[in-house]
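Handing you a structure now.
For reference, chains read A, B, C and D in written order, and residue numbers begin at 1 within each chain.
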Amino acid sequence: MNELDKKVVKRPNMSVEIAGIKLRNPVMPASGTFGYGEEYAPFLDLEEIGAIVTKGLSLKPKAGNPTPRIAETTSGMLNAIGLQNVGIDAFIEHKMPFLRTVNTPVIANFFGNTLEEYGEVAKRLNDIPEIAAAELNISCPNVKQGGIVFGTDPKAASEVVRLVRKNLQKPLIVKLTPNVTDITVVARAVEEAGADAIACINTLTGMSVDIHTRKPRIANRTGGLSGPAIRPVAVRMVHQVVQTVSVPVIGIGGIMRAMDALEFLIVGASAVQVGTANFVDPAVMLTIIDGIEEFCLDEGIDDVRQLIGSLKL
Amino acid sequence: MNELDKKVVKRPNMSVEIAGIKLRNPVMPASGTFGYGEEYAPFLDLEEIGAIVTKGLSLKPKAGNPTPRIAETTSGMLNAIGLQNVGIDAFIEHKMPFLRTVNTPVIANFFGNTLEEYGEVAKRLNDIPEIAAAELNISCPNVKQGGIVFGTDPKAASEVVRLVRKNLQKPLIVKLTPNVTDITVVARAVEEAGADAIACINTLTGMSVDIHTRKPRIANRTGGLSGPAIRPVAVRMVHQVVQTVSVPVIGIGGIMRAMDALEFLIVGASAVQVGTANFVDPAVMLTIIDGIEEFCLDEGIDDVRQLIGSLKL
Amino acid sequence: MKNYRTKIISNQEISPGYFRMKILAPDFGEKAHPGQFIMFRVQRSLPPLLRRPFGIFQTGSLPADCDGLPPKEFVEIVYKVVGSGTSIMAELHEGDRVELLGPLGNGFDYTSCEGEKILVGGGIGLVPLYMLAGELIAKGCSVRLLMGGRTRDDILAVTEFERLGVETYISTDDGSLGEGGLVTQVLERKLQEYPDAEVFTCGPMPMLSVVHDICTDYKVPLQVSLEESMACGVGACLGCVVKGAGHTEENPSYLCSCKVGPVFKSQYLDWAALGQNDDSCGGCA
Amino acid sequence: MKNYRTKIISNQEISPGYFRMKILAPDFGEKAHPGQFIMFRVQRSLPPLLRRPFGIFQTGSLPADCDGLPPKEFVEIVYKVVGSGTSIMAELHEGDRVELLGPLGNGFDYTSCEGEKILVGGGIGLVPLYMLAGELIAKGCSVRLLMGGRTRDDILAVTEFERLGVETYISTDDGSLGEGGLVTQVLERKLQEYPDAEVFTCGPMPMLSVVHDICTDYKVPLQVSLEESMACGVGACLGCVVKGAGHTEENPSYLCSCKVGPVFKSQYLDWAALGQNDDSCGGCA
């Protein structure tokens, strides 16, 4: 399609709705890769993306893991940040003032070390009117129950979602871990427990070794694998979850370009999150948004929602 | 180290033992990526690699999946060959005559669609004296039990390994699937059921979509992800399994270069299998073997077995 | 068949989006048959991960340099830029290091010169027909080439074919070169003229399907070169299979297109299944 | 700070394994401070996935071309080839498209010209000291540079430093240039001579540790530029943290080295923890 043709075509509707919040387009950052929004403000207009998703918040500040915390792998990276964050109080005091100035929905990603902590953070989020929705990260070990990860056990996942749902007066997105045998079981459990939307996937657990020092390349030994390497696993899991639940799904994992985001939309994600790609190109989300719009124009689609779940089997 | 220095240094011992079979070096092909050996004979001397591992064999010939069966992804590939193979009879008749002429241990990878079939193939393998060991692929759906994959359920895995162990009079390697929440549970189950060695990992389930046709890029919708993209997941799982079981472990997943193989040896694999890399470079195993030897020389190691499990934590 | 770690001799754009690449390959020519292919490794680093299959356009040797070195034997491919791998290829230069595996697969079968040899090529599908035409002419056969494409840009190597002594007929969908319309219409006319012909074809799947239907109608033998996604190119991965004639769910028949093919006698293929494969991209070998 | 989609002006090997690269970057110079860094994107395609951090060697502008275009402003980096990313960088040419993000982080702090300014650089650690030396000299400070390296090949840009008017002292481990031995021995002598000096350093971690110990002994202020693995370079990923002074398990203090650093006042760092980090590769900014 040449430039002239494009001008006469109506721009497609790009806005989507997730868990009752309206987004101007389906592209937002993935938690932990975009700081608290402010860090990327010099590089892109935060009012052009669908939403801002914060670094994972906890009740108390968390120091995170020893270093080195990151290592590059083939088309991916491992990270073991250890959920370092300022804590909910400092977030409200130091990070919200900036976020309040931005006319874009803010989604607060959060977690706890125990069931109770999850519940407490949820309550605290109610006090922040400018938070549009909360995203519950259940890929965390339950300190009290011997460190088993909440999100790998449908019962534990259901329990934490139920408690948070009770305490939270905002839309609730639950973010799933891919390190499970059957993600549909966990997806069903969290939907039944009250999730308004599901986000998947978080990182795959991986490891890398420096053959010269013979030490793990990150201090925590294992870390979370993200980036384009994991995209096929993420697309598969989003596809499975979409077929299982009726709440909207947010697709995450290895999105670098518009065509990657489109894969997720086509298998049925209602929106996408971009993680590692922000590090590679700080304005990548704008390129992705433009690319999706362009694709709609090229294919004669006047509403991006027509793409969602348009997979032909 | 310059050429002169190298000459005076003794070449390191490269041979390792797995499940009672002695290998001249720890490098062998991964099942399904090396045909029945013969296909690659024009490109490398089969008597220089540690072992030959066959395509997965079943009782009856298997036609496999519709096409397209393969698709490239970022630093990886998806395949859904569907375990196409000539069947055990044709294997004995048409493939063994060639393999008999090669002085390298042959490991027969095999599978069944039901528990009984697994047992039957194991029995048939006893009749082939030139088969050094059998590698049991438990990443297959159990047709009778509603298609649940044997290898994702510790009970089913244990059951199939126990039956095969009873029927097989050869060393038994059990190959695990990575698509599980906790690979150590399955590893422990198969060790207790009689595995002489454990191979991991098989492919991660993935999916990819052609955004223009909006169809999955492989006919089977989902396929197995292999190649360098999955290496960090594989290294992590081998590390976990090595810490759990006392039988030797064969490391598999994304090995492209000597340094990748070394990562697996250092975390504790006693040998490695090279899969997708054979497609990229048909003689890649020789380069990897040379590279491991070179590394030993450079580091002053006179026996490759000193590397195994030499990870510093 | 062997893996060549070698170098590019030249890489030129010959028509918008189409390139011709000569690669140094000693002793390749004497082993290569028309219709065979190579697996090409674009660069030693990623991406792309897998090798890419390309038909052999021709083999030959460059005259000895004035430095007195022996003549340089080469293999030549012609490719269309369609995706990630071919885009990188288009940027390669003389002297860049590449790898190729070949010659691979089974090519065209041509024993006698009885009857007219009609070659039908669509777009990049013309590539393997060039070497075939050359060998047929050398044997003394009468060769007619039907070249089809969307526009004039898709009609490749006309001069080269004519120089061989081949009778060429050009048709383009948009009429920008030769007659307007489909190459299969030309085929039908030619078969009326030469009912004892033998047909060899390569091109996009919809074209191949029609060529097969026409040849079946006219009861002339047909050989067709197919294009399937390939990982290994040597029969090891079983990724490139096509359904054979008589394939059923209960009694399945899958043929390895890298090993049994890429050229098949038309009657051995399951055309109903092939026809469904509408994802098949243009060009083949 | 901004993302430049730009082009390479030149890329030259200046010593075996060390390269100097000029990159077009309008308006970069006026924002950059000594000790800041850039995140460099080697190529638009993979690999590598992540950007690579490099210190700013200098900024400047090339004289206007005869074509009458305005002068070309550039940023210049000096890098050592150590792994996958820098190997690709070494192959880049004038005109190749690259991206850089910067200037990033907090650089050196220099307000007064009181006392001698002693700069201690090891190997590639000399890079950020060049711009610092330039600015200190411009302010009228007295600057002494202690250059250390394994061999003469690791002593970079001596002429450039001397041209600035900096007093330089060279030492190499193998004695192949300057005096034999460690640069830290020279530091100790200089501090005896100038007890009111202020020290600025960059280099491999073992060297930094010793410099810190010496400066503590001599009670002179020290600023040190650290090198941590980075993913984002802008404070978003928290991958690049170092332990702050007083860090404990119960009361942890992690400082972002891309945002608070890469230059730190020595007393704010937990040196016991840093010293353990023996994986740290040579060179920093």
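Following the convention adopted for this analysis, a contact is a pair of C-beta atoms (placed from the backbone, for glycine too) under 8 Å apart; a residue touches a chain by one contact, two chains touch by 3 or more.
Bear in mind the structure is a predicted one, so any value in this text is a computation, not a measurement.
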Count of contact steps on the shortest path from chain A to chain D: 1
Per Cα centroids, the chain farthest from chain A: C
Euclidean distance of C-alpha centroids - chain C vs chain D, Å: 55
Rounded Å distance, chain A centre to chain C centre (Cα mean): 46
Separation of chain A from chain B, taking each centre as the mean of its C-alpha atoms, in whole Å: 34
Of all residues in chain C, the ones touching two or more other chains: 46-47
Multi-partner residues of chain B (each touching 2 or more other chains): 74-76, 213, 215, 228
Chain B-facing residues of chain C, complex: 1-3, 41, 46-51, 99, 101, 228-243, 252-254, 277-279
Residues on chain A engaged by chain D in the complex (per definition of touch): 32-35, 39-40, 42-43, 55, 63-64, 67-72, 74-77, 79, 81, 84, 210, 213, 215, 227-228, 276, 278-283
Residues of chain B touching chain A in the complex: 73-76, 78, 152, 179-182, 204-209, 211, 213-216, 221-222, 225, 228-233, 235-236, 239, 254, 256, 259, 262-263, 266-267, 295, 310-313
Touching residues on chain D, where the partner in the complex is chain C: 45-47
